[in-house]
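Labels run A, B, C and D following the written order; every chain starts at residue 1.
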Amino acid sequence: MQFLSDNAAAVHPLVWEAMHAADASDAPYDGDGLSRELDARFSHLFGRDCAALWVATGTAANCLALATMVQPHGAVVCHEEAHIEMDEGGAPGFYLHGAKLLLVPGEGAKLTPETVRAAIDPIRDDVHQVQPHAVSITQASEYGCAYRADEVAAIASLAKQRGLGLHMDGARFANATAFLDCSASQAAGAVDALSFGCIKNGAMSAEAILLFDPAAADVARYRRKRAGHLQSKGRFLAAQLLAMLEGDLWLHNARAANAAAQEIAGAAADRLMHPVEANELFVRCSAAEREALRQQGFGFYDWGADAARFVTAWNTRAEDAAALARALAGL
Amino acid sequence: MQFLSDNAAAVHPLVWEAMHAADASDAPYDGDGLSRELDARFSHLFGRDCAALWVATGTAANCLALATMVQPHGAVVCHEEAHIEMDEGGAPGFYLHGAKLLLVPGEGAKLTPETVRAAIDPIRDDVHQVQPHAVSITQASEYGCAYRADEVAAIASLAKQRGLGLHMDGARFANATAFLDCSASQAAGAVDALSFGCIKNGAMSAEAILLFDPAAADVARYRRKRAGHLQSKGRFLAAQLLAMLEGDLWLHNARAANAAAQEIAGAAADRLMHPVEANELFVRCSAAEREALRQQGFGFYDWGADAARFVTAWNTRAEDAAALARALAGL
Amino acid sequence: MQFLSDNAAAVHPLVWEAMHAADASDAPYDGDGLSRELDARFSHLFGRDCAALWVATGTAANCLALATMVQPHGAVVCHEEAHIEMDEGGAPGFYLHGAKLLLVPGEGAKLTPETVRAAIDPIRDDVHQVQPHAVSITQASEYGCAYRADEVAAIASLAKQRGLGLHMDGARFANATAFLDCSASQAAGAVDALSFGCIKNGAMSAEAILLFDPAAADVARYRRKRAGHLQSKGRFLAAQLLAMLEGDLWLHNARAANAAAQEIAGAAADRLMHPVEANELFVRCSAAEREALRQQGFGFYDWGADAARFVTAWNTRAEDAAALARALAGL
Amino acid sequence: MQFLSDNAAAVHPLVWEAMHAADASDAPYDGDGLSRELDARFSHLFGRDCAALWVATGTAANCLALATMVQPHGAVVCHEEAHIEMDEGGAPGFYLHGAKLLLVPGEGAKLTPETVRAAIDPIRDDVHQVQPHAVSITQASEYGCAYRADEVAAIASLAKQRGLGLHMDGARFANATAFLDCSASQAAGAVDALSFGCIKNGAMSAEAILLFDPAAADVARYRRKRAGHLQSKGRFLAAQLLAMLEGDLWLHNARAANAAAQEIAGAAADRLMHPVEANELFVRCSAAEREALRQQGFGFYDWGADAARFVTAWNTRAEDAAALARALAGL
């Protein structure tokens, strides 16, 4: 009964099917028919023109997107517990050629206009201090919290006013959209670039970088190749992305993961450190309680000394979620 | 009748099968059982200890390998038509943080101790000039020529004597090994790192970086993550690599591609620009002749104004190879 | 009556004199007799072998020193108000090719073994997190506090135990040494590299990078050239450094600046935010008080909303220091 | 009798004088009155608006200028013997974050529209190949040859047409201008950025980066700081530059060096490898002849096996030039 992460869950059968179908083509790189369909399909989904580039990891997606907005001498404003700061092995420093991350605190790993301003207003406009070039937010956040449309709008407005690019790390964008029960466009707001996550949601090895600025798309294409991320059999990545979009599989899968998370959340409401607005639960529990849960066969990560993190996935079994709910209720 | 490249050929059924089998696990990154098997399997194949890391592209493999040998202020000696110089979109400059490629001419896109010496001996040992830190050779070369064991040994000996690392780009290492009819160990010689190519040889999206120096392996692991190349479902890459090794599928596939190339070569012997020692043919032919071939349904790249490049793959059909042989003979 | 900074103070007459004398030579780069004397002179001063390289700025000195210890995928532990973090325009990100600064809080802008441990102990030894490669401390600190020999020793011991390099930013090393009334060697402790500052202490445009590891010196020489910091008339930088060492001018100048700072400190003891152990004073005072001081002709920087920073220099006039002391006492 | 180089020649008395005068100010960085005068003074000299930034070396000037034109994934077209390729220790790779130098052959180390086109036209407009972002030419060239106004214009026109920035390395711009007997503006043509050299021409440690694009100036200011090239006592660099401009000292000095070169050239006309259009002479002579010259007390560099390089400077003594002329004539 695995709740460690959604990042290595099984591949959805429809994704497998699409990948097999893609084997028929032999056009290299992103010259195949599937890759060429991506721009139109994602533009349609988001209701505005974008370029859609596949890459194999969320880290590559985030960093390539940011590289279109941030010069080497600039900085990205992000939450101090953002994935790009905590879990990407310094990839932003690599991709952005030494640009800085300006870390901002805040509830639920979310930024607000206030916290962004508090970080950037003290920066003197002189060459001794690194100037912000972009803001990056995570939808859903690293604590499983979803930005509402007005929250994104407020940050986007501040970013625009200050001349900053706005990037959204959407590793769990599907879960946020499903939770918010809104359109993709509403969940993304006026971001300039979005890392549209699929791997945690049933794909094997494909994320989409969505770039709403055509000039940025051109840069990202060169940078993707330069980073060794332009696969010669890219059709298999395109196939995964298209399979996720087809029939809204991305939402279907996310709803399943969210529902499992909600069931568990219901049983542990008083222990929750953050509202459950996606498929992650951060649950206060003692070492002894965690040990008891592990004895019952549940897999999960400790979260500091006094909590545990549980993540559901598109394929979390109903009985496993129910069992965890019972176990948490019974602690 | 496609002879454009082997880089986007179909995925071998045994690779598909292994990938499906890998779906059962859900251990993330390279913590799964398949990934953990790689070091032992490749060490066995090469008869000496190595660390084996999967990555999704040959560019990433080459650059991560070189990054273990070359400091940002150093240089890599390579052929002026090497893939790292010509076709990787500047990836070495990115991964090596601005280190330089020192370009060397030479027949068949091969280096020799003499040409390497001619490039590095004039470099004064002072800070005004970039010093070589490594040599990179391609097996088989960009013109489909295989280095014999004594040729690699001579370069390795020079590299060792000058304190340079030795990297081998083995995007078509299988084809070279099959042609030489020797062991993997003999085809690689005393290189410090090898990009063991599989994608052009029946895999979907996995190459192996083989590092024969344990300290280098540690650096490469951090750099792989930092480059966004550590896939969370890495088991699917490991599965591909293991499938290629299983029952020597890698050699089996390469032999098939080589045999098709030899059949075609036999029919165009007097037109060959380079000996055919792998699965690539560079064939002198006029624009009119190329047009005639295309009229007959053959796909291939022009190679300058007076030649064409034909590449066979593991799945080139016998009848297509025969047809091309006939067509070339009939020109 | 200027207390803005020591960083642009006049050049000491003996420095001018040495520079003029250097004009006689015409050996380029660091091949002149003066540059060649540096290793021996600094090795003598510190009582252990070191390589001494001139550079034109403290930023270059810090970053080139760190570049010998930190790989691009690593990190430097430093205080959150360290000069390298706050005031170098992102130079560490540039020179270290994207390596990270791990920021540590602490009284007086000083690190302790405890705060360093608190920063690095939670870092899991896996590739997802950036690993520390070095620690950087500032002597005297950014708040004008001097590390005692045992404090440096404790940090050096921790660094050694964890395999981390130890760098000391000595932009005001002279002031710290003068305050501690100890030898250069005692003030530096077992650091691996020291940025020996002269520019704030009477030189024009020369700092010394001292590298106590010969391998590091070799790297730093290449990196200095690569950063455009190898001046062809380097003899004028060497001359400045030698003039500072001659007759202990560096200590003489620092003592003068420190004495002026102490006189002022004596008059504002109850307003001091930090002990005055070099030539900087951080003084609590209201906006109105600051305005009053400015009306009296004193130049200085605001330090947040409720304080001011005063910096003395080697050439601060006794009457100016006395006047400031009186003015502060009279607030 | 020193003809090794002009790069370490004595500092002109008027430069010393200006530096001493600058000691009176204590405004830091480039906030002093002298630094603030630079834009206007250079704009006047060149007859169009530019930003003028001091830096301490030609390498820094070239690389910072190029960094305003070239993205990390791009390339600079330059001569294969350009200083940026041969003598800057890989600094372009560092400052341009791994961008490439595309090397072009050509007589006299000069580029022509034809050779530039030959280098860039074969580059396919796809992500596998590094795209040119700028062209860099050297005035006077590394072989002491001056570009005529129409030659620069032709290159500038090509650059503009292809969307490439145009940089001029003017380490010996003064010598070229003096030789051409034209205005600064005519010698520079329509370049986007110029490294205006002074150090080889009587200054101590100051070159000017001239940026004719205001947006580029902003980037260059941040990058200069980030590279550790923003000196806190920058007034001493500004003073040098202003002294060079004052009364056309830059031309006066260059004319002196050129005249000495011409005298020598006159005596060795049949041995010259390149026309002498600045202050460098490349003279065919055997090892025995070089030995004979050295015996007579002349200092110079060998240039390959069959030639020598002689460089005159602003302060080359008439009798030394005459002696060398006689000696060469007498070989």
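Just so we're on the same page, a contact is a pair of C-beta atoms (placed from the backbone, for glycine too) under 8 Å apart; a residue touches a chain by one contact, two chains touch by 3 or more.
Note that this is a predicted model, so its numbers are computed, not measured.
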| field | Neighbouring chains shared between chain A and chain D, ordered by label | value | B, C
| Among the chains, which is located farthest from chain D on the basis of C-alpha centroids? | A
| query | In whole angstrom, what separates the CA-based centres of chain A and chain B? | reply | 34
| task | Can you check how far apart chain A and chain C are, centre to centre, with Cα atoms defining each centre and the answer in Å? | result | 42
| With chain centres defined as C-alpha means, what is the inter-centre distance between chain B and chain C in Å? | 49
| request: At least two other chains touched by the same residue of chain C: list those residues. | output: 72-73, 88-90, 93-94, 97, 127-128, 222, 225-226, 230
| query | For chain D, which residues are in contact with chain C within the complex? | reply | 2, 4-5, 7-11, 16, 20, 23-29, 32, 55-57, 59-61, 63, 88-91, 93-95, 199-200, 204-205, 222, 225-233, 235-236
| field | In the complex, chain C residues that touch chain A | value | 72-73, 75, 86-90, 92-94, 96-100, 127-130
| task | Please name which positions on chain C make contact with chain B in the complex. | result | 71-73, 97, 127-128, 131, 219, 221-226, 230
